[in-house]
Amino acid sequence: MGRRTVFRRSMFSGKCVAGTATVLALAGMALGATTRKDLHFKVGKHPMVSINNQYGPITVKAGAPHEVVVTAILHSDKVEVDQSQSGSRVDLASHLLPGSDQNSGIVEYQVQVPADANLTLHSGSGVIHAEKLHGDVSLEGANAGIEVVDCADGHVHARTLNGAISINNVHNGHLEITSMGGDIIMNSVSGPFVQAESNSGKIQYDGDFGAEGEYSFTSHTGNIEAVAPAYASIDVLARSNSGAVQSDFSLEPKHAPFLARSINSFSGTLNKAASSVKLFSFSGKIHLKKRQN
Amino acid sequence: MNCVEFESVLPDYLEGGHTPEQQAHLTSCSACSNLLADLNSIVTEAPALQAIEDPSPRVWNAIEIQLRREGIIREPAIARPSRSGFFPRWRAAWLVPVAAALVIAAGIKLYHPSGAGDTAPVAKQTPAAPQVVAQAPRHKVSTEDQQVLNSVASRPPAQLASYQNDMESANAFIRDAEIQLKSDPSDIYAQQLLMNAYAQKQMLYELAVDRTGGEQ
Amino acid sequence: MTDAKKLQQDKLTEAAAIERAKQGDAEAFEFLYGLHKRRVYSLCLRMTGNPASAEDLTQEAFLQLFRKIGTFRGESAFSTWLHRMSVNVVLMQLRKKSLPVVPIDETFDGDEESPKKEPGAPDIRLAGSIDRLQLQRAVDELPPGYRTIFVLHDVEGFEHNEIATMIGCSIGNSKSQLHKARIKLRELLRTTRAEKARSGRNAKRKPEQNEEPQSGIGEVV
């Protein structure tokens, strides 16, 4: 769900008609309904940047050190961007004026920050995209889709009610993801702490459970699927109250007292059991798959 | 030295002054050594009472109102953008303690004192451990749920429906996890589910405020 | 994140919050409240035994603190400052209601609580550790004067000289009242255990006679 999609949706109430849409979208811009705002801030070490948006996407990528560069596209004159800076702390917020709605209130943010910046990004609806960052990143929004790509080392907190969350190539940090109905997809993710929780959203993981980490995936009704290589070094515990659980690996058995009571579970170790993996669901299915390469 | 004399110096003994006479008496007198052991147990356990209960949300509400009245809380000249930094952002401050209380309720349910451990058979006999939380969380939840729903009531119908749906999902998760936990309070699976269920409810409360969108 | 690192981060955040609170920032106040409310409320509840009063006192303590936040210079820990203020608020309240803060009783009656007096009840020692909940209940049953002293010294960790100043009694008085409070607590706890034993919940009664090895917590000798 990229920037363009949101923009298109706002013009055509959900219908996506490719060619016409682009033309009309450009026409919309030509009509002067949107304005572009360019902002530039000088910052010191470990800057803090926060962006608070009600409607519209936010894209943040690593850029040059010591500066924060912002391009904001406002979809109407019924919304403003408030900015403030205090030392190395930059705060931006979309400020809806009377009469605005979920279309006219859209602001699209494109931001570049130093890679070690700490970020707090919020959007009511729209995709939040964070890329190549090393600082602590907090991303949240009721219906926002969240994408985290090529990040490492920091704390990443992603929260959404029904937006989809996709984490790609994120390593060596502390990852906490929570959603209600939104699906959580993790590809090539590892680190000392990786936690994904959902209610009905599905949780998918494809990685190596590395870094001697603690991995915990929990859901209420969403299915959990994890794909790991044969060389994965894990101590795994999986259980679902009423969903089927399945492991493609033959695990070294481990003593786990509660297992006696429930057949919907498996546990055991693989290789050196360096990482701990917990896969818990109330009624979702759980499948630990072996990667085929 | 007899028991009466020993007890008269007991306060000093407890603070560390041990004379040979006192120690001699202790070795020979089980009543006094029992007494000493008991007092030590009490003193050791006492600090655990330091911080175990939270006040209800109304306390913060009252404080905030008064601080505003006295001008101690001052809104800045420009409308503040996001309130990041040390604190997640929300506009309805009263939701904070409620949401937090949910997680605390879950925590209390999970970690209620399970008695004096294996050495005390008395504690083990009680089937349901005493509940520290005075009110059942469920009752609290539905009143607060309603207040939260009211705060998003003015939203477009699609949003409101989606929110109500999420509320039901969150409550269903909590119910399921509680049932699971009841059948075995020491089950780590059930404990994990309950904590997650409450955390989701809390997230729901916090993000609900964002749906009010904009300073209109 | 390790515990130590997190604690450090929390301290930094508290310092930041204090600065912002001085500027009148609502969130900062709320953050500070959140950090300390449990400790303050628990203290008030232990000292008054009444949740409604405890809430009113908690409110009052924080209000007094927040009114003065402009003068906080960071010489001592914020929590210490708040702690003392809370105690003062509670004590003032107790005085206003003419509740006995500390019973003035300089003479120490050795006879009163002689361990030898066991009227018929089996000598059930408080073996092993004490159930925190039972201790909590026993503290709530203490007469107000004893409760104050016990809470201030054993629960909250104030020294006798500090307590003497706060309450306005002598150090000797503080010490002797504390001792009586502890003895009384022991009695209450033993009564609870005895009742439980009598009501048959405990299937077998462990005879806690002389030959039992010492198993109380803490150093005996």
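Labels A, B and C are assigned to the chains in the order they are written; within every chain, residues are numbered from 1.
We take it that contacts are C-beta pairs under 8 Å (C-beta built on N, C-alpha and C of every residue); 3 or more make two chains touch, one makes a residue touch a chain.
Being a predicted model, the structure only gives us computed values, none of them experimental.
Novice: If each chain is a node and each touching pair an edge, is that a line, ring, star, complete or other?
Specialist: Basically the chains just string along in a line.
Novice: Write down the chain pair with more C-beta contact pairs when A-B is set against B-C.
Specialist: Counting C-beta pairs in contact, B-C comes out ahead.
Novice: If I average the CA coordinates per chain, which chain comes out farthest from subunit C?
Specialist: Following the centroid criterion, the farthest chain would be A.
Novice: Determine the centre-to-centre distance between subunit A and subunit C, using the mean Cα coordinates as centres, and give it in whole Å.
Specialist: 45
Novice: Suppose each chain is reduced to the average of its Cα coordinates; what separation in Å results between subunit A and subunit B?
Specialist: Centres of subunit A and subunit B (C-alpha means) sit 30 Å apart.
Novice: Taking each chain's centre as its mean C-alpha position, how far apart are subunit B and subunit C in Å?
Specialist: Computed from C-alpha means, the inter-chain centre distance equals 18 Å.
Novice: What are the residue numbers in subunit C that touch two or more other chains?
Specialist: Correct list: empty.
Novice: Do you know which subunit B residues sit against two or more other chains?
Specialist: 85
Novice: Scan subunit A for residues touching two or more other chains and write them down.
Specialist: Answer for subunit A, listing residues that touch two or more other chains: there are none.
Novice: Going by the contact rule at the top, pick out the subunit B residues touching subunit A in the complex.
Specialist: Of all residues in subunit B, those touching subunit A are 78-82, 84-85, 88-89, 156, 162-163, 165-166, 169-170, 172-173, 176-177, 180, 184, 187-189, 192-193, 196-197, 199-200, 203-204, 207-208, 210-211, 213-216.
Novice: What part of subunit B is in contact with subunit C in the complex they form?
Specialist: By the definition above, subunit B touches subunit C via 3-5, 7-8, 10-11, 18, 23, 26-27, 30-56, 58-60, 62-64, 66-68, 70-76, 83, 85-87, 93, 96-97, 100, 113, 115-117, 119-123, 125-126, 130, 132, 134.
Novice: Could you please specify the touching residues of subunit A with respect to subunit B in the complex?
Specialist: Checking each residue of subunit A against subunit B gives 48, 50-52, 54-55, 82-84, 89, 91-96, 98, 100, 102, 105, 120, 122, 124, 138, 140-143, 159-162, 178, 180-181, 197, 199-200, 216, 218, 220, 239, 241, 258, 261, 278, 280, 282-283.
Novice: If you look only at subunit C, which of its residues touch subunit B in the complex?
Specialist: Touching subunit B: residues 13, 16-17, 23-27, 29-31, 33-34, 37-39, 41-43, 45-46, 51, 54-55, 58-59, 62-63, 66-67, 69, 108, 110-111, 113-116, 123, 125-133, 135-136, 139, 150-151, 154-157, 175-176, 178-179, 182-183, 185-186, 189-190, 193, 196-197, 201-204, 206, 208-210, 212, 214-221 of subunit C.
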